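Letters A, B, C and D name the chains as they come in the text, with residue numbers starting at 1 for each one.
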């Protein structure tokens, strides 16, 4: 009920059918080139596969539900479609798994297009935010507790780096792991006589897929690599969404989701504006590790074709692509429409109090009195804060040694969150440079 | 593409919509009973929900893909359907989660019907096989190695007990865990004033669901219990299917799947008859643990409504019910159409050789020569077998001590697989008695 | 490095060894009772198993790392320990799996003791908090957004119900699912001749474990039931811990973890007081669903003994018990030492503003003007609040229709969070009654 | 109880402690280089960390069990070890997570050494087998049913390619993903003033780890990449082990595990020789997907440090490395000691019958009579085989059209399994060439 993102279409039954037909057609063309079937047969098969709507997908699904494979019904339907003369040239030398596995690679490649596009736009949105909020000071929180000042720009730069690095991995998987599978019944390509290698190579070229060293029918590191790369990207997306959920909390209020009117409405409470995109992206993300585990667990495939593990892959792979596709679409939407409340970020820094700056004062004092003494002075001041109503600033300003070392201005500077941001700016710049390099 | 079993229909979008409408209608009737809405409004709402096809499920799905919840669209559509006068009485006092959670319980209960029915018939089929093959001797295999003789009846009785015990658990979950969820916005039922408890109780009664101690909107042991019970049943189904795959191997050949003509055909190799049902049941089973883990992992739901974990449940739950439903349908089909090759079982016992009976000879000798000596005699005979071409029987018959103790007939008896089946018959009877008790 | 809770000891190598020895000793005593071994042998075996420290656990572990089973080394060591005369009576009629599976049940039962005890004390701590905070008003939050008022008592009552219900399930599993496994090589108990049933029954009685209908060596719903019950309890514990993490956030500040000095310190930031118990309980909880999935996935066990799936269980089961044991210990600690900041809860209600009460005003107006008009009036008032600087109270008080219907006092009452808590008190009482019933 | 493989030592508590000490020492040296601490302090710290046995690891573990982090105890112990003067220079500018995360990378790198070494030797063993059995004909089995002839060499070449490709991925992860983590409290490196970037870079160099674009404290694609790569390798190992289990079955008998005397013994049945290494490798492999899912699920880490997800990683990562380490050690052992029964492979081909060759006859007939007629002739012959007692050869030799087309010799050739191996030899050569390239 919750389809979202372009990947959903790319993995539906119709797209699987189209991909399987594409493989059958490419195979016929390659066979024709090697004189294993007449050119007219290849043409007829190619023509017949061009229009998916000619095939009764529901009937084929029902038959697959009986026979356990979609290929029997597909080959029969395709033979009917091309007529008796060309029928024998359909599915030449291939086994069901060749068609399904190669189709799975086509389906995956097509589903990766919107996924990578959305991920790229999400990273671009991060870049825009990181530039804009390079100096936007906010509370850095560890274990959800106020810890030290940071900038929203640095937080977002982290999101961007995560997206950029997992995009790079996913792109590499798309280029190298999504290989053609062509092995015939048991991987020897025997039905092609001595032409097996040439046909497998040509089929790869015809479909613009890489050619593997060996048929990979029961060696499943290729789907596993895809699953792992999707899982890693999903984890980054979940991190982003989770941060947004936390930052939109009523008591924090640093972010709000934008988006159209009505977005985030509640069926019961009219005042609410829920972080829908972040919530839905989180929901998607929670389903991903189990799906990845499903594909990894299916790698132990018996002998020349598995009795169950292989048959479990297609549904899991489709779901994985669909769910990550929806997740990245939500996160892109989220990032492109994010309202950042800079004042609230500042207010939260103030509210957190100057204890946030204890480490800063040590750093400031060290050049003057040495690290040992610096720590000792600050520890004593912190202890006073914890005992009573005094702030850290007050405790420091009434300590002669501290005042001698830093002066009033120095104390103020050491307590200024904006002055204790370390190399956050340089880090953002570095992340942006890396991001720009991904666009090439 | 592989829908099979009645549960698939019970969890599709249309069935979810019907269940949500059922909850809204029941809520309206209960509110009318408590004078919170006019009886005519309740009637109008009930009428409007009676026909799911009045609602544009695709449009609602698209909207849910934008808003992250199906309930907003549903409430709006239902209000349109009942007209302006009764519109305000739709969704009275409820929050989205009340509708979705209670609908999930209805969907689950409905999906469990075919699942439990198929599981019961599968167990019945086991009972028939166990009775028929109470004395059918076969090789017992541990780590897939020949170990000792057993009977096919005992193997099948084990399958049956597994089915019966997990059916009992799943039935108990259906009776007790699938409770109504009614809490309003945050679980206080505040919109009902002081009538909250009565309304929740009446809603439970109206839908024939148990009433929980508290609204369980963020305490998720109920879906977890359902998931666990489905997972356990699936594990038993996978065990059965796995055994069948192994026993249908060419080199073992003890079982063959029956079923209609064309079942088990190959797209490439015309001579094949694949164990399709067992393979597909195995494929289904592999997907289940990850789905159960998904529901367990979603139990950590924040405060009064989760921001992601809850929203991830419905898809996972639907898939879990669908997949276990398909699995149990395959296994029932498998068991109801199983060809048992008793001769091949016997032939495999012969082929395994009489080393299979070493433990039997120790047991036979012990009353005559004591355990220590019995073991020593057999160990020496086994060593001779391993050294050369002699069988265990030959080694024993040429040992004076053994012949003295058992006589030629006694040796023959000790080497007879049919005589070394322990209490397999009594165990089968016990399992059958337990099975009959489940039918009451 | 992070052992915590009594379950850790119960599942360590030493405890597994002790449990296996207990099974061997009980088996010897039962065999003696049935005249299969001399009483002195049973006595000697019992004596030899009494002191685990006599066995070189490291050497046995190394051997298990070579042979893949701990039982070979154990049987050999035990035979050495009892001397040549009694050695043959060690491990009579059993197979390795009988020993390991039955030991697993003993280990589980022992590990469940501290787990159930800690869970019970955690639920008791909830009961205390629920009673104390039955009227403590706080912001109810859905999707982490302020939604409606609720009470801390009701939140905690939900935690308690979750603990109580999953405790009940886990207790039932302990009573019924942890059965003896005794089947001999392939489940026929053939080595005991016609005494198999009696011996299995007596072994169950000797170890105070239930007797199953059949040996369950490859029918694994028993470990699965245990895993599911632990997973469900863990999910409730994670929910509690997650809520505490959120409520201890700097900007929320409604809870603080108590516990000894130094608890929650940071290695870098001296001002921090981290919610350590909640964080660690969350960390534990994250590992559980994967472990449960591991045990469910291992249910597909081949023929008479699995070739891998069974061997994977012990480590996963131990880890599951250890991790849930640590988690429940952290949560108990957390709940028994929780600082509740009632003032901060109140302050957060105030800060959330009176929009929180929109639903309350509808409820109040309805008896006076009908639901349709009530909703319309409130919707308009909410719209004004969203447009400008006015509060909901101000908007209502300047609306003649509202003032006519409710009067100034009525408006105040409708805006009072304390007056809009529905049946939260009754729900708490119901939960407490159910809790008290668990103690019987 | 089942430790095996070098990775187990690399991930134990002692190794984690050593790695954390290495990070602290390297940090001190880098700080000294940047004049943030005296050279003598860095020297003292380096000296103090050199000997792990100086630290009371059990006490530190107990403290970690209380505080939820090992770093507090470690820093305190290290400060004691270096004495009061140098104590303040311990842990300069770092936060606990910097130490744990960087230590995790060191631990991982060290654990990958034996894993990659064993995987390389396993692949080498495959290469040897593939060369030796390049022409060893065996039954190719799909869904565990006899399908077509293949060679054992091709099967093993598939194993080898799987190992080689996942080794390459894992090596790339080791080189690029295992980066230093140095960010200070919230990732700004503020405690180092303007020297943060330089110090992070130098720390990376000092530990020979890559430097990341940004601190990755809550962006977890690095551990995820490691998990994914280990999961993929484990899947290949499980495939190999599963094949061996199936091929060692009594009724198949094509392989036997070698290894020392006593390997594969049974506690009850003296005649057994169990495929222990394959079984244990399978057992290890079953645990891996859940662990990978655990690390992927832990990627959603909150804000500047996660409250639970991060804390769950170390145990899961250690277990993952340990389990994959044990698995690869078992598989290497298995492959280096595999007894291949070439005669049994040949006998199984004979036993499978000449229906195995149906596709071969079609291929042979096609040049003579065209594909349509070839298929028709063979289909009719297969139908005759299925009807009665005739073999495929007999059916073909009594068909005039077939005899005309192929002659008696041609029929014999078409029925010869050795002549229908397609490009298996070329594929093996290609795989071996790729394998040799991995050694460079």
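Quick note on the criterion: contacts are C-beta pairs under 8 Å (C-beta built on N, C-alpha and C of every residue); 3 or more make two chains touch, one makes a residue touch a chain.
Just so you know, these numbers come straight off a predicted model, no measurement behind them.
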item	value
Mutual neighbours - chains that touch chain C and chain D alike	A, B
Chain pair showing more contacts of the two, A-C and A-D	A-D
Distance between the centres, which are taken as Cα means, of chain D and chain A, whole angstrom	24
Whole-Å gap separating chain A and chain C, where each centre is the average of the chain's CA atoms	32
Touching two or more other chains - residue numbers and ranges from chain C	95, 141-144, 147-148, 184-185, 191, 241-242, 245-246, 266, 268-269, 274-275, 279, 282, 285-286, 289-290, 293-294, 297, 307, 359
Residues of chain C defined as touching chain A within the complex	139, 141-148, 245-246, 248-252, 266, 268-275, 279, 290, 293, 297, 348, 351-352, 355-356, 358-359, 378-379, 382, 385-386
Partner chain C, residues of chain D touching it in the complex	1-4, 13, 16, 60-62, 64-72, 75, 91, 94-96, 99, 184-185, 191, 241-242, 245, 262-269, 274-287, 289-291, 293-294, 297-298, 307-312, 314-316, 319
Complex contacts: residues of chain A adjacent to chain D	37, 88-89, 92, 95, 97, 140-144, 147-151, 154-155, 157-159, 161-162, 165-166, 169, 184-194, 196-197, 212-216, 218-221, 224-225, 227-229, 231-232, 234-236, 238-239, 241-243, 246, 282, 285-286, 288-290, 292-294, 296-297, 299-307, 359-360, 362-363, 371-372, 375, 420-424, 426-427, 430-431, 434
